[in-house]
Structure formats: C-alpha cells, structure tokens
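Questions regarding the structure given below will be posed in turn.
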Amino acid sequence: MSGESGVTLLEAVRTALSDAMADDDRVVLLGQDVGRLGGVFRATEGLYARFPGRVFDTPLAEGGIVGSSIGLAMGGLVPVAEIQFLGFLHQAFHQVTQQLARYRFRTRGRFHLPVTIRAPYGGGLRMPEFHPDSLEAQLANVPGLKVVAPAFPEDAYSLLRAAIRDPDPVLFLEPQRLYRSVRGPLPADGADDGDFGARLRRPGDDLLLVSWGPSVHTCLAAAAELEERHAVRSAVLDLRFLSPIDHARLHQEAAARRRVVVVHEGVRSAGLGAEVVASLQEALYDTVSLPILRVTAPDTPYPPGRLEDAYLPSQEKIVEAALRVVDRA
Amino acid sequence: MTQMSTDWAAEWAAGDGEPLRFLGPDGGLVRPDLPRPPDDLLGEALRLMLLSRALDQKCTSLHRQGRLGLYAPVLGQEAAVVGSHLAIDPATDWLVPASREQPAMLRHGWPLDRLLASLLGRIDAARIPDHVRMLPRQQSIASQLPHAAGIAWATAIRGLDGVTLAYCGDGATSEGDFHEACNLAGVMGVPLVLVVINNQYAISTPVSRQTRAIRLAHRARGYGFPGVAVDGDDLFAVHEVTRQAVERARAGGGPTMIEAVTYRMSFHNTSDNPSLYRDPSEEAEAGLRDPVARLVAYATGAGLMTPDAIDVVEAEVRAEVAAALDLALSYPAPGPEEIFRHVFSD
Amino acid sequence: MSGESGVTLLEAVRTALSDAMADDDRVVLLGQDVGRLGGVFRATEGLYARFPGRVFDTPLAEGGIVGSSIGLAMGGLVPVAEIQFLGFLHQAFHQVTQQLARYRFRTRGRFHLPVTIRAPYGGGLRMPEFHPDSLEAQLANVPGLKVVAPAFPEDAYSLLRAAIRDPDPVLFLEPQRLYRSVRGPLPADGADDGDFGARLRRPGDDLLLVSWGPSVHTCLAAAAELEERHAVRSAVLDLRFLSPIDHARLHQEAAARRRVVVVHEGVRSAGLGAEVVASLQEALYDTVSLPILRVTAPDTPYPPGRLEDAYLPSQEKIVEAALRVVDRA
Amino acid sequence: MTQMSTDWAAEWAAGDGEPLRFLGPDGGLVRPDLPRPPDDLLGEALRLMLLSRALDQKCTSLHRQGRLGLYAPVLGQEAAVVGSHLAIDPATDWLVPASREQPAMLRHGWPLDRLLASLLGRIDAARIPDHVRMLPRQQSIASQLPHAAGIAWATAIRGLDGVTLAYCGDGATSEGDFHEACNLAGVMGVPLVLVVINNQYAISTPVSRQTRAIRLAHRARGYGFPGVAVDGDDLFAVHEVTRQAVERARAGGGPTMIEAVTYRMSFHNTSDNPSLYRDPSEEAEAGLRDPVARLVAYATGAGLMTPDAIDVVEAEVRAEVAAALDLALSYPAPGPEEIFRHVFSD
C-alpha cells in the first residue's frame, strides 16, 4: 500500500486544500508559515500564490490561531488552520476544549463552527520534544470534537475534504512520518465516499490488529512478517475516526477473530487503546475471552534522538504481542 | 459630536495618562472647548442605564430568594457599557461581551425576556436570535477576545463594513488570550474596538495586583494601534471616544483599545462578599463616581429632564423588567434530552 | 463516612496547607484570590495573615501561575498553586504537559519540580460552564505527572501533605461538592501514612464498584441501596491515585468478585474508566468473563443548571448497572 | 562604563524608537559623549563571538554529513547574545535561554564538549552541571519566560541577590506566555532582564507580520517597567544597556525589557531554506551589519588588535571546537533503559 505509484500523503493533503478552496471561496487557510513558505512541510505550497488574500501567515500564537478561527467561522468563512505540530495544540487547548468544541451546544445551535484544524504528529523523524507527541486520547475525551487520522493518501484527501465540509469542528491529524514515505491513488471522483467508518486494510482470520495513523503501516509490516514467518494471518483494522470511534465495525471485526492487539504511538495509560479495549470488553466479554494486548509507547515523555526507536511501537513488539495472543488461544 | 476633529487617542497619549473626562462627578461639563452632548443621546442612555439598574436589582433579589442562580451585576459600570455600545449599530456591527454587559446585550437585540430566560436556565428560550450579531456571555475570562478578532478579521476579508465591539475586564487583560487577540488584530488591521472595563477588581484582586502598568491603555502601542483611557463613569466621554474608534475602524484604520476606568460598586457576583477584601470607605468614596447619579445631575442641572420625568422612566423600566420576568418564567425548563442536542449537527 | 463528626474536607485542605507551611518555610502559596480573600472557597483562609510574604495573589493567568511555579521550584521554593477551577487548567495545559511534567526527564535530573497544583472540580453545585469539568483522563495521559483525588477529609489532609513533600509535580484534584458536605477525622498523627494505594471504602462480596473523588460517595450511597433493597453486597474501591493507578490492588479486588462497575463524572469516551477496564481485561480476561460497565457522564459538554442531575452518574444509574452485572452472573 | 549615569531606557523612550547605537557598522564609535568601551570587554567578547562562529560552522557541516541532528545557528546575532550575557555574573545570576544562544550557555558554565554532546544525543553527558544556574534549551517557543519570571521571583522572595537573564525571539513575543510572564514579573517587581532577540524572522515570518508594533520594546510600558531597543549588532550598546538593567534589577528596581535589533544571517535551522521566503539582496544588505566584522573593524581600526592577533584567536577557537568535539564523541550514546529513567525520583 505504500507502493511507488500515486501521490504522496503530503500531495494528497495539498490537493485536498487546493480543491476545497477552488470549490468554496469561503475556505481560507491560516497558520504559522503556511503562506509564502508553504508550511514547514510544504503542505500549503503554492496556495498563497494561487489564492491571493485567502492564505494567511499568522503570528506565533496557537491560541490566537484556534481562537481567531472560531471568529472567522462566526463571520461566515470556513477556516482551515494549521498547527505547526500537534504537540503545540496544548498552547491552544483552552480554545479547543472550552470554545471550539462547545459553541454549538452553548448557543443551542445559534452558532456552529465549520473549522478544520490540521496538525502533523507522530514519531520516527528524530524531531525535538513535543513535535512527535500523539495527543489523540486527550482529544477523544473532549465532547463536541471530531478527531480524524488518515494513514493513506486517499484518506488524507477524502477525509480532509469531508472535514472542511463538516459544519462542526474537526481535528485532522496528519502522520508526518508518512508525508513523503507513503504513496497511493487519490479517490477516483476526487470527492470523498461519505464512508465515515473504520477500514480493514488487510484480511486475516487469526487475529485483529487495531490501529490508526502512522502505526497502521507498522501493523501492516508486522502482519506480513506474521504471515511469512509464523503462518499467522492477521487482519489490520484502520480506525480512521478516533472520535467518535466506529464501535460497530470494531466489534464486528474483533468478534470474527476473538484475538485482538491494539497499537498506538501515544502513551499507554489513559491512551485511546484503553477505550478500544473497554469498548470490546463490554460488547464481547464472553467472545473475546483472551487478553487484549496494547502495544503503545510507555508512560514516559517522548525521548530525544535515536531513543525513539525503542520508545515507539515497533514491528517486532507487535509481532511478539500477536504471537502471545494467538498462543493463548 | 461627529464634527469634532480632535484625535482622542493622540490627545490622551500626549498627556500624563489621566483618563479623558468631559462630564465631572458633579454633573457639570468640564470641557468648555467641546460642543454640548446631543440630547437624544442623553435620553436613550439614561433609560438604558436605569433599565440596567432595575435588572441588577431584580436579579439580585431573585437570587436571594433562591429563584435564580449566580448573578453578576454591572452596577456602577453602566456609563462605560452603555456609552460605548451606543456608538455602534446593531444592524451591521458585532457585539462580543465578556459577561456582565447586560445593557449592551439588550440594546444589541437580545430581548429582555430572553436574557432573563438565560439566567433562569431556560436555555432554548434564551437562544440568541439568528439576526442578532452577538456572542453569548463568556465564562472563560478573555477567551472571547480571539473570537472577536476573528469576527472582525472575517469582516475585513469579506469586505463587509461591520465593526466588532468587544468587552473585557481588567483581570482579563492578564490572560494570554488578551495578548494574542490584540496582537493578531493589530497585524491584520481588523475593524475591532476593544473596551477594557477597568472596574478596579478581578473578584478580590485589585488592579494594582493585576498589573504594574499605570494605565492598561498603554498596552495598545505594543500592538501598533491607538489606545485611550477614558473616565468610565462619564457617559459622554466614553461615547465620543468609542464613536471615533468605531469611525476609524469602519474606515479601515484598524483596532483601538479603550480603557474605561470605573468601579465595581457591587459584589463580584451574588456569591461574593467584598467586605472580606475591600474597605467600606473605599466603596463610599467610589460611590461619588456613580455614573447614573452623575448623568441625572447633568440632566436635571442642565434643565434637560425634570426629577419627575426621571421617576417616570424608572417606573417604566421596573415595569418592563417585571413583565419580561413573567414571560421568561413562562418558558419551559429544558428536559434531560437537551443534554444530547446541539452537540453536532443532526 | 460523611457523618457529622470531624472536620470538613475544606478544613482538611486548609489544615494541610497550614501545617505544611509551618513545617517547611520553603512552601509558598500562589493563585487567583488565594491571599486576602482566602480563595473563592476559602481553602486558604487565614494563611495570608498567618504567613506574611508567603501567600501570593497572582494576576489572572493560569499559564503564568503554573509556569512561574516551575520557576519558583527551580529557585529553591516549594510552590503550592491553586487553579481556581480545574477546567481552567486548560489555559495552562502547555505549561503542565510540556514543562511541569518533563523537566526532570529533559534535564536528566538536573532539575526536579516539587510543585503541587490544587484545583477544585466536579459537579453538583450548579456552576457555570468549565467550573465542574472533570479532566482526570487527560491528565492521566500525561507522562511525568502524578494525579491524586481525595474523597475524604483524612485523605485530603494526608495526600495533600504527601503531594507537597513529593519531589515531583502532583496534580491534586479537590472534589468541590464535598468541600463542606463531607466530614471526617484528620489522620491521628497529623502526618500521612505513606500508603499510596487504592482503598476499599466498603466491603461486599457480590460486586466491586470502582471510583474516585466525588463519585465515591455516590457509589457508597448506591451500595447501601443495593444492600437494603436488593440484598446485593457491593464493595467500593476508592482509587485515590489516578496516575499512576494502583493496578495491583484493583486487580486483586476485582478478581475477588468477578463483577465490576466503574463510575466517574468525566465523559465516557477515552475517560479514565476505560483505562480501568482495559487494565482489568488484560489481567483478568478469564476471571471477569462479564461486562465491566462504565457509569459516566455522556459524551456531551457539561450542561447548565439542573440538567447536571441527568448528566452526572447518579445513585440510580449505578444501582441499575450493578444489578445488570449481577444478573448476568 | 559603570560610571555612566544616563538612563538608557529613558533616553530611548524620549526618542523616536530608533535603537540605541554606540558602535557604527563601519566600526567607528558614534557617541563622542561616551567614554571609550573597556578594552578587556572587547577581548573577551570577540573571542566568544569567534568561538560561536566556529561552533556554528562545525555543527552545520556535521549536520550536512549526517553526523548531527537539527542545528540552529546564532550567526549574525553574536553581539546581541554575547554583549548581554557579559553583563551578568554566572556565579550568582541565572541564564534562561531560548534555544540558539550557544555563546551565552558556554560563558555561563556549560562546557563546550557538553553542549556538543547534547547536539549529538549524548543526553547524560550533556547534563547541565549542578552548580550551573542555567535552564536547558526550550523547544516550546516562549514557554521558558514564565519559568524565568518564577526563578527571579524566588530570588526576591528568598532575599538572594541573583538576577535572571532570559532570552526570547521576536516570534516568541506573540505567545501568551510572553505576556503572562512579563505582566507577572512587573507586578511582583522581580529581578528579571528579558532580552528579546529581534532577528527579523520567525522561521519564514518577518517581524512585520508578527506584530504591528513599531518596536517590541514599547511593550514594556504596558507592564509597568522600562523597555529599551538597542542595535543588536553593536556589542558595546547591548552590553551597556544590559549592564544598567542588571544593576537596576539587583538594586530591587524590577524587570527591564531589552529589544536587541539584529538579523538572522543564516537559515532558521539546518532544515530550512530561506531563499523560499526572503530576498538574497536583503541578506546581502543585512550582511553589512555583521556584528563580528563590525567589532573586528573597531578593534583593528582603533589599533587595539592586529589582524594577525585576530587570526590567532580564530585558530584557537577552531582548535577548541575540534577538541571538544572529540571529547563529546567519546561519551556513550544512551541505551534504551534511559527512556525509563528520570521520569520521577527513584
């Protein structure tokens, strides 16, 4: 799936932004360095020139970016804000949790906020502190927010288009490690398919690997190794939507296999994997009479440099967990 | 007063920081160099200010009777709020309140019965009408300011001519949101008028412990736009200074920061007890600034209104509040299902 | 336990602060209105007068309160900061997650931060938005933080003393609804007992109710009703420590009963209850072959006024869940 | 220069906002009214500045060879950093860097080999020695400022006489943390000297898009303490202005904000490509401001140092960097177990 053909995930993001701006002139972009530079990853490259007066370099203030996006939406625009790295969303957390997520509820629908917040996240690029942090569990605990995490160019395109069209706020988490390393086709008709569910990325009857974002690809690699070296056929479920989660699909795929491993880059405690396990336990307590293992980052801060290789959920750790779950059967 | 050409921000900046004042505490005009304030302004303002007092009184007593939740009166700050709001046009302009600017919300178009409904927990009846360009009260101090900057920015991007009038308190000026909103508004040159209601307190914290700045309005220069401090108990000065700032914003001249220096004559809210942290003598002294008494003294002193005429207005606004309250109480209280509505679009 | 004798939880907090300041003159208090007023709940009443120059009213800026507490600790003091309401910790979230929680790790022990952050939280008092929010799940997802939530005056005292003595940062969550409604004794010797584990608050063989903070008392009331009206004997486990969780004790008490209900005021999705269930599922998948139910707030923003009665986990909902779990047996 | 009595903040505030300058781009002294700078200052400063250049050069080439991660050079900002840091005493004072102030970190007592170890991921060897009063680099823009305010506050509460010198960039001044830290420092009157290194850019964002303020130093008045803008490429002006601010802070006079106006002559960091957002002509012109060339011109012009003597220093600092690098490379890389250490006290 991370083959040679098609566009990169970064190009898919850029194309989605460009098409959304072309289709709806209420769409504006704002963020740090998204203008002339085109963003530190070049996700907005060329848009500043192509859409004059609709792409804005902001001052260095995340709270101001999210807070003013709320006002831009109230003022009739459709802002797509970039937070340079997801870790820095904490600078704006009060605006996200207290304001962005609650205006519709607070005003009984008088105001609703078609705001999309894009942010690169995830490890593997030897980045400094904060830049690789995965905050999805904290965001999934915020009522009134939708959280989406694509793992493939096709999703990056269609889910970003859907996020921008959504009348409510969407946090769009972009796996930075995959920006240039993953290629794939864009959706045929250039639009999204309106499927807001989880997706099975690989079939397999023995075991279910559940993940999202960057670690979907680690799971796929682990699944390949499990098949080749251990004759264990693991299915890989890509949640895609982290809030709300597609519980129905999750239960269905887990029930079909009775063996489950959840994988994510965020820390283990109170991580989103816990929600996945809790959801499965309640629904399938008598079917999944097996431990559901979580392969995650440990409960320590994200370490510098090469140490991240030992910190992140690796192919090796996933294979090991999968074998444990299967052997127990 | 539109013909006046003085640049108030420039005049203030050239001075020693003392707030601009046209109307003295005794109700006398202290600026012979200026034309007399328009009489229609006086009438509309005084009615709104008296309505505000009647509302404060009613809500406070309802709270005492356990019939209404926490209430934050605007008592003592009426000239700052009414004088500034009278400078905008609700038909085109946006209002972004902090939380106690009731008279501004009313003039902007939120019906009194709806406002009361919100205080009584009738959340659906309290919904701000679609045509009213106003944000709800903000419970998170200063968080409304980036929204105000964004609304004004959208107006500029879309080439509309509305101005955004935002309020915050002296305490709010210490939050990062205040700073980020002001700086963004400056860079983008948006049509925003920010009125800082400096009522000397953030709950128990006096402004002297809030900042070492002599005047908050000095902050504006650090954002590259004009700032001006005005006697917040002087309806005419507040109005004129705001009018000029709105005019500048409408003409594309960018934001203005107005510090209205006033005093919170009452408690922070109905659960607060000021005697724990401030001196009765201070309150007594501050009472002499009372913006309503000041305006009444001017009106009667200048022979523009008789005491009787003012009594009539007071009786009318009290009746208005009573009638609106009955209506508000007639609205249904929300059922538990409301918890699940309006989280996302259905 | 919420009997008539002893001190209130609020008095226990105040006494702990006062004793800590008397014992160690490096201890200073800071926060909004904590000085002359003694805090909006009067938790610091009298301390401004009793400890001149050691109790500070700060400007209205949560980021500045947490951020300067970090500096005060580096400068040799032991700051105890009050955030007026936990909901407003989001204004300071970047200082909490990126800075407070990580300096020891970042500097390999060159700096450690003996900072305690106290914050009232929880519902039931008809408070405006944000004031009742329960953010413990988000805090438990932050590596490098300890999170403590007392439910009784005795714990409020001893755990706060322990938090202030702790060389590392502790988030101390004070259940505001219990401030004046719960009474109890102070620890005999006035010091803490060094037990950092969960506590069983009520015995019972049929079922385990797991909770913390304010809802511990809702669980106790539900347990009483279950016993009287349904002859169901429910034990109540008070976690006390939300990060790290006392997994060993949790597993032990759950294994002994095989029926578990988790109760908390925070929203359900990615709530801390999910971590409790996931921990139990992995450890006891073959023992607890029953659904572990979560009684929590729904995934919606905290509602205004009386609506909170329908929003919060109630005695009624807990009893209902408990009976479901028992019947399934 | 300690005998000088001019209040620089007052002189600057009285002017038109132009940064104070003692030493012109051509290396000539432009203030005949001032005594000549002390020669010992020149020697120490020039060595540090040349060492900084040698370090920038080495780290950049190591990065190009894939032997070192991201690196952020201080090229062009040496006078601003060195001039200000030379005004404090590492034995009593605290250093709170932003991130690229390498020469300040070195002078404060972080050995060069340790600094290089940090860039090479040898995290334990890089540990700041216990006796060195310095915070590590801060990756979260402006987040170090409340820490600096808190350290200075602790010094005041404990009655110690240390001063805290903190740095941040022009971009950092837009963050709420900048505002909250400055306001707190003002209210508490803490011994803090904040040097804003205005190098004209935050990655690709020019300061003109960062704020509409004419000079960032004007912000100080809004916090109630002195602010002053200085030519950041003029070692002597930066040093003297900082020295006076430190003196004031030590005497209990509270914080000062110093805006050092300079230019980021290089890329933001080794992953950045400035040609995408700024004009080569702009860089060429800015090159004329080069603080090192300026100081060399002064030293040689005034006959205080010969070009040969300067070549000797350059050779020495290059050797110093090379030796420190060998040492740094000899330190062990961390093993995976390090991930679990230092999360909490053991």
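Read from first to last, the chains carry the letters A, B, C and D; within each, the first residue is number 1.
Basically, a contact is a pair of C-beta atoms (placed from the backbone, for glycine too) under 8 Å apart; a residue touches a chain by one contact, two chains touch by 3 or more.
As the structure is a computational prediction, the values presented were derived from the model and not from experiment.
Participant: Measuring centre to centre, with centres taken as mean CA positions, what chain is farthest from chain C?
Facilitator: Checked the centroid distances; the maximum from chain C is D.
Participant: Could you let me know which interface, C-D or B-C, is made of more C-beta pairs in contact?
Facilitator: C-D
Participant: How far is the middle of chain B from the middle of chain C, if each middle is the mean of its Cα atoms, in Å?
Facilitator: Averaging C-alpha atoms per chain gives centres 38 Å apart.
Participant: Approximately how many whole Å separate the CA-defined centres of chain A and chain C?
Facilitator: Centre separation, chain A to chain C: 31 Å.
Participant: Just the number, please: Cα centre separation of chain B and chain D in whole Å.
Facilitator: So the centre of chain B lies 44 Å away from the centre of chain D.
Participant: Mind pulling the chain A residues that touch 2 or more other chains?
Facilitator: 59, 61, 63-64, 88, 91, 94, 98, 105-106, 129-130, 143-144, 298-301
Participant: Mark out which residues of chain B touch at least two other chains, giving numbers and ranges.
Facilitator: In chain B, 123, 140, 174-177, 179-180, 183, 187, 209-211, 343 touch at least two other chains.
Participant: Under the stated contact criterion, what part of chain A meets chain B in this complex?
Facilitator: Residues of chain A touching chain B: 28, 53-54, 56, 58-59, 61, 63-64, 66-77, 79, 94-95, 98-99, 104-112, 143-144, 146, 167-168.
Participant: Per the contact definition, I'd like the list of chain A residues that touch chain D in the complex.
Facilitator: Spelled out, the residues of chain A in touch with chain D are 32-33, 35-38, 40, 57, 59-61, 63-64, 88, 91, 126-131, 298-301, 303-307, 310-311.
Participant: Sort out for me which residues of chain D touch chain C in the complex.
Facilitator: 123-124, 126-130, 135-136, 140, 143, 145-155, 157-158, 176-177, 179-181, 183-184, 187-188, 341-345
Participant: Chain B touches which residues of chain D in the complex?
Facilitator: So the residues of chain D touching chain B come out as 174-180, 183, 186-187, 189, 209-214, 216, 218-219, 221-225, 254.
Participant: Residues of chain D touching chain A in their complex?
Facilitator: Of all residues in chain D, those touching chain A are 69-70, 121, 123, 139-142, 171-172, 174-177, 202-205, 209-211, 276-277, 333-334, 336, 338-340, 343.
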